[in-house]
Structures are given as structure tokens and as C-alpha cells.
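Following this line, the structures themselves.
There are two complexes below, and they share chain A, which is joined by chain B in the first and by chain C in the second.
And then the complex of A and B:
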């Protein structure tokens, strides 16, 4: 049952990711991307990572893609424009990246067995405390420093974006 | 297993029937209350005091001619109302109507699921639902529609944040993301007493998410001739309409759950308190619609970012300090 769901959602995620690239209209690309994020969220649910799945839906499918859709509508990119990048260069770069990625996947797949690593969040912990409590305990106690560093980095990113936007004016 | 499945199916059917009936009749409540506020009668012709009006409207919706504009983006135009209604009806699954009751010797819970990420799921799915209106506005190939959709996105981005901040304050007090646990933590003292500020914040942002009158930017009749749904007719329009009222019901139920103690109340606890409070919230939504004028678009944006967002952050800070000082 889970395998069937996994195959359906994984397949849809792959197909919609491909359609992000191949869709002619910019808005269609963005919407296929929303679907792809949503399908990945369902795969997280199948892996019993509900909290992560919800964050995926809220942050990626919700907030970020909403911004992207807003930008597309604001700039009125209804007609597809001719790509400015030379096609030959992008073809060469694309094929090279594809080969490198494929080799990397092959190396990982052949080098190790593909069983998941056992992390600190185990089934017994989740059963006694609840999933969200376990994750937040790890996040705000054991991994507090990395969490704060990432927060500061993101804040710096936001401030940098504002500065760059102001300079254009 | 079979018994479990049967109970689940019956529960789902009952929950959805009751919710959709409430949705249908909240359109009647809206028209009736608005009418009386404006010294009119509202619908009176179909049935006693117009009680059959929602059903008549539904039948009318099915038989009207369906138009798809020539320059519409047809697949998106078709799927937009479906996304809207799918999201708002799915949210009904998560509403806790009441605690357990014993029917024919079996303990039956009056809610469909108890997820430990229930509140997050509600926030996520309602964001997905707002894509319906945006896509609908964009795909209809009408400039009013596009502007409506554009305003919808901007409003969604601006008001989602303070809404989530209000919810975080409640989650801090209750100590759980599960709606059942949030209701159970309110025995004796409701969250509206502990978090009055978050309550006001949640209602303001919720009304903005619902696109109701002080914030009905995406469908401002006077400026945009109905906004994102301007090209929709017959049942497709009715689906948008139903999604809006279903969302209103879910919002009222959420206010009841998060702030007004859910099924708790004086004398006997039970679903009757839940429905009473939910109907009071639906009435509130209609009442404020007839009272407040529409805000200007730039006022809505600056109010969201410059007032509500800092207020939400300060509220969380104060809640944290309060919990730290009193060691809760």
C-alpha cells in the first residue's frame, strides 16, 4: 500500500519537476513546481516525517511559491520570451551537469547499501513524547548553536536583499 | 477492522453532511442578517422566511449556462475552483466537534483525526486553497481578474505571517500543536483570557484570509467588478462561493477551538457548545461585514506589515517572558 503511494507520488513529483522546465508559460512552470513540492511533502508523510511535510507545504508550496507567483503576475510574464542565453552553451553545460549528477548517483548507489542511517529520533521516543516535542527538544537543546547561526545567516540575507533593492533605486 | 472502518465511514459522512449543511445555511444567514441590518427583509420567497433559498440557488447553479472565455487559459480555468473547494472541504476533517461519546456501548470520538501537527496542516492547506482564487483570476484572461488575483497573493503573503504568529502564541500556552490537546488545555480557563491579544490578531488576520469585507481586496465590487471570479458562471462560480463560506465555517470553528474553549462550557460539556460558539462567530463575520467599509489597498498592506506583524512578534515575546517568570 505504502509502496503504491510512494510510486504514484514519486512519479508525479518527477513528472511535475520535468514539466517545470518544459512548460512554455512561466506561470505554468511555477504551478508545476507547487505540485512537485506538494508531492515531495506526501513522500515525507509516507516516511513518517509529518512535521517536515507540514513545513514543506507551508514554507515551500505556500510562502515561497506564493512569492514567485506574485512576482510573475506583477511582471506580467504572460508571453514566453525568446531566451537570451545562447542555446549551444546551455546545451553543453546542461549535458555536462547531467552526466556529473548521474555519475554521482551511480557512485552512491553502487558504493553503499541504500539503507537509511539511524538518527537520534527513534520510534520509541516518538511514541512516548510525540513527534513535534522530540524534534523541538533536539532543535532547541542539542542543536541550538547551529539553529541560531542559521537564523542569523537568514536575517543577514534578508537585510542584504533590502540593501541591494534600495541601491537600484 | 470492519467495525472500525464502518464507524470511520459513518463519522466522515456525518461530519461532511453537517458541515456542508452549515455552509449552505451560512449563505442564508449572511443574506438574512445583511438584509435586516440594512432594513430589508432578505430572501423571503422560497420556503418559510426563505429557508429553502440555498437549495434553490444550488439547483439554479447547476442549470445555468457555463461560459469559458475565449482567451482563458482553459485547464487552469477549470482547475481553479476545484483547488478552492478541495482545500476548504479538506479542512473539515481536522475540526474537533466534541469529545468522546458512548453510542450503543462503543466509545466514539466526535472528531475525525487527531494529528500531532493538526494546526500546521490547517495553515498549510488553507495556503494551498488560496492558489484557487489566484489561478482563477490569472487564467480568466480578464484584467480585473488578474488584478484581483494579484491583490489576493499580496494579501495572502502579508496576513499569513501575523496569523501564524497568533497561532504560535496559543501553541506556547497550550503546549501542543494538536487541536484536541489545545481544547483539553482550556478546561476551566479559555485561551481568550490568557491570550486576548492573539485573539484579536487572529480574528483580524483570519478575516483577511477569508477575503471578507474590510479586507475584500481580491473581489472589491466597486473597483474590480467582482475581481478574481469575474469570468466564472454557473456551478464554477458556485464552487468558489461555497469554498468561501466553507472557509468561513472552518475559521469560526478554529476561533472556537483555539480561543473559546471548543466543546467546553458551563453545565454540560459537549458539541452543542461547539456549535453555539461557531454560529456566534459566523454571525460575527456577517455583522462586521455590514458594519465596516472596505479599506484602501495600500492601507491593507501597510496595516499588515507595519502594525500587525510587530504586534504579533511582541505578543510572542511577552508570552515567553510571562511563561519564564511564572515558570509555566
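And then the complex of A and C:
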């Protein structure tokens, strides 16, 4: 059953990601991107990371895609729609390098059985405490410093966006 | 090892490569930005897979922080696109070579 869901959602994630690249209109790309984010969220659920799946839908499919759609609305990209694809040496080299990288990653990721030390988060611990409680216990104890650094980063990002987009007099 | 681990990892590699290929080939800055988000999604699947396989939460926190960085990146990046459009009337990346020497 899990395998069936995985294959359906994984296939749809791959297809919608391809359509992001091949769609002619930028807005269509953005809408396929939303579908791709939803499929990744379902895959997080299959991996028992429900909290992340929720965040994926709220942050990516909600907030970030809203940013993108607003930007598309403000930029009036109609002229770009008919732009021809330019073939350049650098792009051919880039795609060739990507094919090599693809084969390497598949070889390393699937060719070997990757093992590591087992951590303390067993299924029985999650079953007794609840997953969000376990995550928050770790987030606000072991990961407190990165958490605060990220909040500073987000503040800096928002201030930077306002400064950049402000009209210079 | 968990069930279907190799399928999850293969999916993550495929998504990463699709995103990278789009970032190399497309010229529209917003589409390139979305392709980078696809790459981050693929990386996230790999992190969560290993996190699950090793009964650890570290991978989940990595994805959490990746999401926060991606949100900051979206805010600043799209502001830069608006600025580029205002200055040059286009966001075609082939027309921008300010850093080329």
C-alpha cells in the first residue's frame, strides 16, 4: 500500500517538476510548482514526518508560492513567453555535467547499503510522547542556537527585501 | 534501512537533477528560482529518508532550517527580480552579465 502511494506521488512529483521547466507561461510553471510541493508533502507523510509535511504545505505551497505569483503579477512577463531557447556551449557542458552527476549519485545512493549509528527516536518513544512533543523537546534544547540564528536570518531577509524593493528617490 | 529506501533516494536524486537541469537551461529568472526550490525539495526527501532510517531527528531539523533559509531567499530574491525588471525592463538571465569579466 505504501509502495503504491509512493509510486503514484513520486511519479506525479517528477512529472509536475518537469512541467515547471517545460511550461511556456511563467504562471503555469508556478501552478505546477504548487502541485510538486504538495506531492513532496505527501512523501514526507509517507516517511512519518507529518510535522514537516504541514510546514511544507504552509511555508512552500502557501507563503513562498504566493510571493512568486505576486512577483509574476508585478513583472508583466508577456514578452518573454515567446523567447526562443538559446543553445550555448556553456549550457551543453552544464547538462553533460549533470548527467554525470546523476549517474554518480544513483551509483552511490543505491549501489551501497548505507548504514549509520541508530539514534534515540524509536517508534515506541514517538507512540508514547507524540511526534510534535518529541520534535519540540529537541528543537528547544539541542537546537536552540540554530533556531535563534534562523530567526535573525529571517528578520534580516525581510528588512533586506524592503530595502531592495523601495524606490530610490 | 527502511522499506523502499532506495525508491525514496532515487526520487530525491531525480528531483535534484530535474531542478538543476532547469536552473541551467531556463532563462526566466523566476523559473530558475522555482527550479532551485525543486532541488531543495529533493534534498529534503533525502534528509528525511536518512532521518527515518537512522531513528534520528537531525534530518528533520535540517529540512526545517532549509525551509527557513528558502523563505528568506524568496523574499530577497524576488525583491532583486523586481529591481532588475525596474532597471532593465526584463528578467532574462542571458541579458545580465554584470559579474562577468
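Basically, the second predicted complex is superposed on the first by the 133 of 169 C-alpha atoms of A that agree within 3 Å, B and C clash if a C-alpha of one lies under 4 Å from a C-alpha of the other, contacts with A are read in each partner's own complex, and residues count from 1 in each chain.
Assume a residue touches a chain if its C-beta (ideal position, glycine included) is under 8 Å from a C-beta of that chain, and two chains touch if they have at least 3 such contacts.
Since we're looking at a predicted model, the values are computed, not measured.
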| item | value |
| --- | --- |
| Touched partner set for A:152, first chain B, second chain C, both or neither | neither |
| First, second, both or neither for A:132, with chain B first and chain C second | first |
| Chain B versus chain C as contact partner of A:50, first or second or both or neither | first |
| Contacts of A:100 with chain B and chain C, given as first, second, both or neither | neither |
| First, second, both or neither for A:3, with chain B first and chain C second | second |
| Chain B versus chain C as contact partner of A:63, first or second or both or neither | both |
| Dominant contact partner of chain A by residue count, chain C or chain B | C |
| Which superposed partner A:74 touches (first chain B, second chain C, both, neither) | both |
| Chain B versus chain C as contact partner of A:144, first or second or both or neither | neither |
| Shared chain A contacts, counted only where both chain B and chain C touch the same residue | 51, 55, 63, 67, 70, 74 |
| Chain A residues within the chain C interface of the complex | 2-3, 6-7, 10, 13-14, 17-18, 20-21, 26, 29-30, 33, 36-37, 40, 43-44, 47-49, 51-52, 55-56, 59-60, 63-64, 67-68, 70-72, 74-75, 77, 79-80, 83, 85-86, 91, 94-95, 98, 101-102, 105-106, 109-110, 113-122, 134-135, 138-139, 143, 146, 150, 153-154, 156-158, 160-162, 164-165 |
| Complex contact set, residues of chain C against chain A | 1, 3-4, 6-22, 24-28, 30-31, 33-35, 37-38, 41, 44-46, 48-58, 60-61, 63-65, 67-76, 78-83, 85, 90-92, 94 |
| Residues of chain B defined as touching chain A within the complex | 73, 76, 115-117, 120-121, 123-125, 127-128, 130-131, 134-135, 138, 146, 149-150, 153-154, 156-157, 160, 176-178 |
| Interface residues, chain A side, partner chain B - complex | 25, 27-28, 31, 34, 38, 50-51, 54-55, 57-58, 61-63, 66-67, 69-70, 73-74, 130-132 |
